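Next, two complexes with subunit A in common: one pairs it with subunit B, the other with subunit C.
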Partner chain A sequence: MSNTIIPLLLDSLASAALIFFAAVGLTLVFSVLRVLNVAHGSLYSIGGYAAASACLFIASKQLNPYLSFVALLFSAVFVAAIFGPLIERSLIRWTYGKSEAVQILITFGIFLILEDLQRMIFGVQSFYEDTPTRLLGTSKIGGVVYLNYQILLIGLALLVVIGLRLLINHTRLGRLITAVVTDREMAQAIGIDTNRIFILAFSLGVFLAALGGALATPTSGIAPGLGADTMVLAFAVAAIGGLGQIEGAAVASLIVGVARVLAIYLAPSLDAVAPYAAMLAVLLIRPYGLFGSVTARRI
Partner chain B sequence: MLAISIAAAMPAAAQEKPSSLGLGIFTFTSGPAAAYGMPGKNAADLMIDEINAKGGIGGVPVSAIYVDEAQGAQGVIAEYRRLAGEARNQVMVAALSSANCLALAPIAEQLEVPTVGWNCDTHQLLLDGKSKYMFRPSGNTVPEFVAYAAYLLERKPDVKTVAIINPDYAFGHDAATIFKAALKALKPDIEVVAELYPKLGSPNYQTEISRLTTAHPDVVFSNLWGADLENFVRQATPRGLFSSSQVVLALGETVLQRVPLPDGVIVGVLGDGWWMSPDAKANVETTKFAAAYKQRFGEYPVFPSIKMANALIYVKAAYQAAMQKNGGKWPTRAEIAEAMKGSSVATLTGTTKTRADNDGLVDQIVGVTMKTEGRSFPLIGEMARYKGDSLMPAPGQDPIAWVSTLKPEFAKTLSKPGSYK
Partner chain C sequence: MRTIPAAAAVLVLAALPLFAPWLQFVLTLAVAKGFAALGVAVLLRAGLISIGHAMFFAASAYGVAFLARAGINDFGVLLILSVLSAALVGAIAGSFLVRYRAIFFAMLNLAVSMVFYALCAKLYGVTGGTDGMPVPIPAIFGVVVAEPVFKNILFYLSLGLMVLVGLAVQRYLNSPLGQALSAVHTNEIRLEYLGIPVWAVLLIAYIISAALAGLGGAIAGFAIGRVVPDFAFWTASGHLVLVAVLGGIGGVPGAFLGALFLELLHSAAVTVTDAWNMIVGAALIVVIMFMPQGFYGLFSRKEASRL
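Up next is the complex of A and B:
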């Protein structure tokens, strides 16, 4: 066991980073819009497909391979710019103030449409593009060869947590978002354009989902079914952290990552249930999640 | 239920040649399993076109009705019943998923519809030996995974430790059970140091790769398939797993054209369906089929494609035999099933013999990846072709118990790596 502690810790952090990217956009959208976006997983996989397509295009044209890093980021921006305003204005807006059942039905409908669209455009074969991982190479840590890209992902996840906190606490947009989250009617009364805030916040959520998919592409395959898996995991993380809590999502990702990695190392038969067992354990003690509460609302 | 039963019984009385013959073909056309299921569908499309170009079966054109297995067992069962209720659909080619095969087998018996398991590998399918309408001309998990154990021990006789990473459902667990039982019987001092069963459809195996590496196994065995196998290979290669351990990929042939597998990986085709095997290359029909497949779908057929093509050849042969027996009349479902029983059919890659329990005896091909001039992807070399009946228990015998009775001397009677040239 002693010779597996370092790999176990590193795997937990790397796994938590990928899980965090899948969950943080969902929690942000819920925090601001009060909408549980079931289509979140599809936006994650669309980000993956977009990134893989862009990287494959770069490779096919024999362009500078380091452009693939830029492609990862810009494919997420592209997906957010297209799908964020489109989905928010066309369908999500009709769910504001409606019951959770209506929200889930509408966003589930969006999920189904997006899944079919992906199948029509990208087919059923697995997509994979690993140029970024090849460029960064590998390191041997604790007797195990790791991709340096995996270490980069851990750093990027931390950057996203810090970046979101800075955005919310230290920018005008962040203050506007906080005002809308705290009291939507009062925010409207003092002249804040809540429609604009909603589009921006939803698009930011789409960006984070697509970024998660894009960043996962070099270490994971993109295939039909990924959206549903991502959605379920993201909901588990959001529930553990407390719905709408960004720091909660980060801590919950770490808990789920550790649970899953421990299961693979020590009790492989529990691998699939480990995230949900962790969720059950946390919710039994804190039914509103680690950072959630019945009344107070924070992001 | 009564209406379905009556409808299902109708073809027994109707022996006029229909205007077309419907085949219900069950495979995955969506979801991660489609990476394995679509090559099967592609092959069916191509083979049916070829059959129709040659005048159909007994002069009747064939048309396929595809059922997507990704909808789950309940949907698959409902589709099977609906198709069986139409008189023109006389034969089902079902299914890819072993779970769906097990779910459909009793319904095939109940509705009396000849059903050809084109990819029903599970050894549990025909255990009771009472099937009249369910047939498996494509091999099963027992000969498949005993063959890997035999090949591995011949190629790497000093192996001490083995790690397993298989998908977390019946096929993955059954394969591990058979492979472990065969290893224990043929070389009792082998230790299994890790067993991982990731969820079917997992996109990311990075943690599993770390765990396998920390176990330091001499051998990593896997029957991952489809997109899962592709992802695993792509992720494990840069992390050195293929150089630190001898890797065995039971379904490795399916990714040869898509993933840069290093040399020396033990791969197989679950049966004899390698389109580049000596028997296959000697068959003009096979080379024509492979070339036509490449032209139409952009890749050479993989073994699920060959399994499907062979299943349709098996169906056609049954029609021809049944019509020969009944004086050229259009056969009933019962007559088609009767023709399948005990048949010996020349396929694209060998011969499939159907035993009294409806199980097929199919040879097993195992080899290692090696670069070959003139091909952009590795081929299978150092092949062994194991005779189908040499790795099968007798009808009615418990397969796992039979595997456990094997002795190290048994392996000496089998083909050797490199002997199939």
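Up next is the complex of A and C:
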């Protein structure tokens, strides 16, 4: 029995971790900027492409293979540093205070542009580079072999949850962000530079998405269409957890991860249905998500 | 709406394929998507943005395919039944979806449509999976016609329906029931105080919009000859919202104007570049930033509604 449960659990957790990176960025951006960024999934896949390119470059130059771990991190930083400020300053900023329809459409426009941009740069073939996975090797628990890389993913996801919590509760920037989230006008009135907060929060969201994409490349590879798929998955997770809830996103990622792995195990043809079915089930009972509330929006 | 320019526009549309036969398919698809976008625009009136209407578009096209497989071969029957099936799906989904507003309405529509998409793609035995299902050429009043003839009939019938259904929707939007939609957008609570059941107003709008999307889907299914799960993918829904906004959500002509623009842009763009989505995305951003009333706002003296 444990022969199936342990790998199942591990797969669920690892898949939940990857979804979490995408979803928590989306939900963070939503709670600070109050814009639901439809292009978020594209930034995830751009992170993946950047990481795959960097790892392939390292492999082709026969540099130290352990550099590929650095490459994963730095490609996410790189994507965040370029796309974060660029998108926020040029287009997202323009939509503040406008209706949801306008915000969704503008970010949908960004999504369309980014998707084609990726196709033009990286072509339509899929990228696969598993050096980091191979370097970490496998372990054996209870007679079951699994990838150490999956443990790393789970650990990193936990680190992000704790890190974000610390950032928001125990740093000056976190308090400024909380102030902006709670009352944007009042925050502006007492002299908080909201523009800077918005750029920082958006770039942090982009970084988390890109990191998720980068970390996903060594296990699952990257191919066109990943951006659109990730987008709806991140949507589902953010909605299950309650929009703008970091812990909610973590719990929802677990639910979706488990639902997916169980579906793959029990009814393989329904694996793609599982996350949305879970979302529907939760939202019908709790319309604003597990951790969400109608009035107060905390982060 | 000014009658003479509108009638002239329809006549130009009807005449175009006589000079450029290849346009007929593009125009048929444009009208089909125009119906679906009109459905989205009806809900946009109430400030509700649905990123899931491609589901009804696809449901109706699948409806045609299933009915044809079951042995029904009459064009009129197929069209009516498939639109009814889309309306039925709309009534079921709408009955709980219209409780939600704003971003939650958008996301739940997305979720429902993605369940539908995933089922269509995965249930290989029933729907043919990603290969899709064929939509055969039906008989018209018992007369079996050749494919080119059928496509001709389909095109002119779509144009006719565009006028008839367009007028009907216009009447609906101008009726108290339709006006209530704008009132939901402005101040929903006030509407409840007046004793108007918002839930019912929105449900009726939702069913109408699903039926409109269904009509478009059936026409598209006939025109293409095949229905695939991608009909229901969320990006297709995004395109429908895009068309609705592109045209301008103020009036009925806007949706068709937007669809026509997008389809023509598509066929022009694919001949020179693969980056078709990029062009659409850029066009979308430009229109939203600089023409908040859409194309319809350019032509209409009356103020088109803004988002």
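The definition used in the following text is that the second predicted complex is superposed on the first by the 291 of 299 C-alpha atoms of A that agree within 3 Å, B and C clash if a C-alpha of one lies under 4 Å from a C-alpha of the other, contacts with A are read in each partner's own complex, and residues count from 1 in each chain.
The definition used in the following text is that contacts are C-beta pairs under 8 Å (C-beta built on N, C-alpha and C of every residue); 3 or more make two chains touch, one makes a residue touch a chain.
As the structure is a computational prediction, the values presented were derived from the model and not from experiment.
> Considering only touches as defined above, state whether A:86 meets subunit B (first), subunit C (second), both or neither.
neither
> Does the superposition put A:272 against subunit B (first), subunit C (second), both, or neither?
Both partners.
> Looking at A:235, would you say it contacts subunit B, subunit C, both, or neither? Reply first, second, both or neither.
So A:235 only meets subunit C here.
> Applying the touch criterion given at the start, work out whether A:70 contacts subunit B, subunit C, both or neither, answering first, second, both or neither.
neither
> Applying the document's definition of touch, where does A:94 land relative to subunit B and subunit C: first, second, both, or neither?
So A:94 only meets subunit C here.
> Taking the superposition as given, does A:18 touch the first partner, subunit B, the second, subunit C, both, or neither?
First partner only, subunit B.
> With both complexes superposed on chain A, which partner does A:119 reach: first (subunit B), second (subunit C), both or neither?
The answer is both, since A:119 touches subunit B and subunit C.
> I'd like to know which partner A:166 touches here: subunit B for first, subunit C for second, both or neither.
A:166 contacts neither subunit B nor subunit C.
> After superposition on the shared chain, which partner residues are touched by A:111: those of subunit B (first), subunit C (second), both, or neither?
In the superposition, A:111 touches subunit C alone.
> Using the superposition described at the top, list the residues of subunit A that contact subunit B and also contact subunit C.
119, 269, 271-272
> Can you list the residues on subunit C that touch subunit A in the complex?
44, 47, 49, 51, 96, 99-100, 102-104, 106-108, 110-112, 114-115, 118-119, 121-124, 233-235, 238, 241-242, 245, 274-278, 280-282, 284-285, 288-289, 292, 307
> With touch defined as at the start, can you tell me which subunit B residues reach subunit A in the complex?
Residues 29-32, 34-35, 38, 168, 194-199, 201, 203-204, 206-208, 210-211, 213-214, 226-227, 230-231, 234-235, 238-240 of subunit B touch subunit A in their complex.
> If we count contacts the way the header does, which residues on subunit A are in touch with subunit B in the complex?
It comes out as residues 3-4, 7, 10-11, 14-15, 18, 119, 124-126, 128, 130, 133-134, 138, 143-147, 150, 216, 219-226, 229, 260-261, 264-265, 268-269, 271-272.
> Show me the residue ranges of subunit A that touch subunit C in the complex, using the header's touch definition.
36, 38, 91, 94, 98-102, 104-106, 108-113, 115-117, 119-120, 228, 231-232, 235-236, 239, 243, 269-273, 276-277, 279-280, 283-284, 287-288
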